[in-house]
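Presented sequentially are two complexes of subunit A, the first with subunit B as partner and the second with subunit C.
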Partner chain A sequence: MSTARRTADTLLLLAGLVVFWEILHRAAGETAMPAPLPTFAYLLHNLTTPRFIANLTTTGLELGYALLLAYGIGLAIGVWLGAHRLSGAVGEPILVSLYSLPKITLYPVVLLIFGLGISGKVAFGALHGVLPVALLTMGAIRAIPPVYLRAARALQLSPWQTITIVLLPAALPEVFTGLRIGFTVTLLGVLLGEMFASKEGLGAMIIDALQLVQGEEMMTVAIVLFAFAALANGLLFFVEHRLRRV
Partner chain B sequence: MTRVGLIRLVVIAALIGALELACRTGLIDHRIIIAPSEMASALWTLLASGSLDADIARTLGLIGLVTALSIVLGFAAGVAIHALPRLREALDPFFATYYAVPVFIFYPVLIAIFGLTLMPIVLIGVSTAIVAMIIATLNGLDRVPRVLGKVARVHRLGRIATALQLQLPAAAPYLFTGIKLAVSYGFIAVIAAEFILSPAGLGRDIADAYADFNNRRMYALILFLLVVATLVNAVLHSLDMRFAARRSGGRA
Partner chain C sequence: MNAAPVQRDVHAELKGVTRIYSAVPGAGAKLPVPALGPIDLDLVRGEFFAVVGPSGCGKSTFLEVLAGLQKPSAGSVSFEGKPVSGQVPEGIGVVFQEDASFPWLTVWDNVAFGLRRNGVAAPEMRRRVEDALAFMGLKDFARAFPSQLSGGMRQRVCIARTLVLQPRLILLDEPFGALDAQTRLLMGDEVLRLWRRTGATVLLITHALDEAAMLADRIGAMSARPGRFIEVIATGWPRERDSTIVGAAAFGEITGRLWERLRGESLKALGHSDVAALAAE
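So, the complex of A and B:
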């Protein structure tokens, strides 16, 4: 009963958002802010156009590569700093202060190093994702009870075996939190990268739409991205929840 | 200084030194990265010329405005939402996904509505930072010990006295977390907005310098922003440590 009511309340708020959108449309005018209904019609009509699919594929590809890099490098740094006490003590404050820097200031540097193509955006996305993955992995490994490590030594496991058989399973739930947050910020990084000096991808599509005064297209891309990010986050959150219960 | 702190300093110095050496020997092309010493001297010349003053004032002023608005409005909204449990339950899913969706993607939409004025930057900054403050306020109010309500009744404190003398101090650590996040989100959103599309500001300056292949200016500006961000973070961190020390000191 209460879950039903809660869902109803949340849906009510969503409806309120659409009403707010309509009011914004009335206030801002047709060109700046299209009405909700025509936008949804536009969305349904344009989702399958080759142009949209091409941009979607580009963003998806960039996100995929960036995640691969962010997860790989982030996990490696996290395991190293978590397992080696001195490195961790030295490295943690450096990572924390890097994490809170506005990374957009470094985008020109990334572009100079990696160029204007797909690799610049991939590198910029990965730059965002590496730090939370590394920090949470480090925290997770540090929180492992020392007795697990003693058991690993007693069983004469190799360092590699210790990592894969003992450390990673024990740290998995918190590591997964890092992967979820890493996903979010990597997506943001890729999109920011596409919004500046790029011709391809959903981020570039939004900026092009702004310049061509294409309100419907801007809102369409924003809605698609919101839906995708919320869905992916929900899925990762679900997996994380399951891991924590085991 | 502790041994760990010393090692950290050496590591950072070694990294900067290696970059300096790689740039000076031509291992790294100066069209890609210039030597750190050159960045510093370029920044010094730029700051001394005074040509940057207007943009510094504009950008830091915007960050200050965005942060202040987010903290005040976020706190007020948090208190209001805390008083309305049904609204809060309905809002929970929004709060849980808010920072997972790229809200920044709405910046161009705001430009379409308000034009290239300060308004889109302030709005995108506040919408990025305010939710962290709302969530922190809710967290803080949730963790005010129940017994404090009884204490207030025993001492016959009024509603406002209870809020100021008991609830606010009890929620303070969580509120401070919210403030820290609001500052950091405000900083990132304002700089990103300026960088992507804006008539002026430090972010715009960096984008322009990049477009002009003016590496000395670009790296000077980047260095400036990174130093400012690091200083702000360091101040907030040390305040946090001081609060934590006082709290545990009071308890012991």
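So, the complex of A and C:
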């Protein structure tokens, strides 16, 4: 598909979303769902206020730390469980059941351990992200065809060369899928953390706006988050697609 | 060692080689599984040797032990007079049954892979890669990725990747196993061309009797597991030959003789409980 075609499709999709929004506004009423146009006006007016920027910075910082932790720990666990058969056999069911558990039920525990500050939200975000990263990295390593290892030996590669120029590129596309999904759920975890036990960040802004019945502010935060998540996901997806070579 | 009765230029030598897989607890095998041997074989420099045998007889194990990918449980392997054990020596090239082309590299980069690692100078590398690509008929696909090619083309990429390193002993482990019969005949011609041009010693593992009969100077017929050579047949083909010899009378004779030797072994490989009943028919 050409770039022009893809851009047109994206614009069409966005226009469709705005139309759907307008319909929802007419059906649900002004209080529940403000109209698109006044919301965009509100957004333009408030996006650069110090209050908004402070909250945006807080969420950005928390997400950055949480991603660092989720990616670092997730990759380490994934490589270990993927490369060591016994550890994988023991670890996989644990990871899978943790992955299916609604982690919000563990938030009180996270808060009691890490406190109400930034570290609690970072830990909660990382808790979300670490599982898909670990699971998909493990899968990526297990999915490397064994013949690559024999081919590497037949080409007289050293163990270090085998890891860096054969195993790593072989596993990379699927690892990247894990990083992409990990990004999405880490953002989810950070926002959930902000919504339920925080006075700062975009998540807290949504809850405050809800309590003050400020629909336009709620939707403004939602739009910013939507735009950010869609952009980041698109970027990661692009890299992943390039790596896959299909 | 005493002087051999016949003067031959021995390129690779296996003496009393066996391979026994140790028992794996919990994986069904309670006793060690003998997979191969004992095997005694001299490969003569420059010959084309084929190994045929029923499935699961240890053909691939034989190749991996000879290549240095697996250590023999007993006996010794040597290549150009030096012992082979635990790692693949320089001068041996291996092409596997499975597609081992690297999907993240272009055809060109796949073929250049081994040269790059060896630190061959850029102009020399370019010359050798272009040469190997042209020889394997891949010139127009240099910039393609393996996922854009058919199975047969990908196997050519793997052969080119080995060929470019100028191996003196080329080991082919059922490289055409996954291809259709016509493509296999044509790939057989390619291998003959490769063998003549490089002057290398070629060892081909195959389960196809006709493929062995058409390609090889000598054919080793392998027994059911644990694989031993029950007979080594010399075909007597001229060095200049191609797939049209499948029409020759001698071709049928060789194939027939191979099947005569291998029929019982193939039945054994199917499971010994059936052998008596089938043999009685």
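Assume the second predicted complex is superposed on the first by the 198 of 246 C-alpha atoms of A that agree within 3 Å, B and C clash if a C-alpha of one lies under 4 Å from a C-alpha of the other, contacts with A are read in each partner's own complex, and residues count from 1 in each chain.
One rule holds in what follows: contacts are C-beta pairs under 8 Å (C-beta built on N, C-alpha and C of every residue); 3 or more make two chains touch, one makes a residue touch a chain.
In this text the structure is predicted, and so the values were computed from the model without any measurement.
Colleague: With the two structures laid over each other on chain A, which partner does A:R153 touch: subunit B (first), subunit C (second), both, or neither?
Modeller: A:R153: touches subunit C, not subunit B.
Colleague: One more residue to check, A:L212. First (subunit B), second (subunit C), both or neither?
Modeller: neither
Colleague: In the superposed model, does subunit B or subunit C contact more residues of subunit A?
Modeller: After superposition, B is the partner touching more of subunit A.
Colleague: Classify the contacts of A:L187 with the two partner chains as first (subunit B alone), second (subunit C alone), both, or neither.
Modeller: first
Colleague: With the two complexes superposed on chain A, say which partner A:A230 touches: subunit B (first), subunit C (second), both, or neither.
Modeller: first
Colleague: For subunit A, which residues lie in the overlap of the subunit B contacts and the subunit C contacts?
Modeller: Common interface on subunit A, subunit B vs subunit C: nothing in common.
Colleague: Under the stated contact criterion, what part of subunit A meets subunit C in this complex?
Modeller: Against subunit C, subunit A makes touches at 145, 147-148, 150-151, 153-157, 161, 165-166, 169-170, 172-173, 243, 245-246.
Colleague: Across the complex, what residues on subunit A touch subunit B?
Modeller: Answer in residue numbers: 6, 9-10, 12-13, 24, 28, 31-33, 86, 89-91, 93-94, 97, 100-109, 111-113, 184, 187-188, 191-192, 195-196, 203, 206-207, 209-210, 213, 215, 218-219, 221-222, 225-226, 229-230, 232-234, 237.
Colleague: Using the touch definition up top, name the residues of subunit C that touch subunit A in the complex.
Modeller: 64, 67, 69, 87-88, 90, 92-94, 96, 98-100, 102-104, 113-114, 117, 145, 147, 158, 161-162, 165
Colleague: Using the touch definition from the top, list the residues of subunit B that touch subunit A in their complex.
Modeller: Listed in rising order, the residues of subunit B that touch subunit A are 4, 7-8, 11-12, 31-33, 86-87, 89-91, 93-94, 96-97, 99-102, 104-106, 108-109, 111-113, 184, 187-188, 191-192, 195-197, 203, 206-207, 209-210, 215, 218, 221-222, 225-226, 229-230, 233-234.
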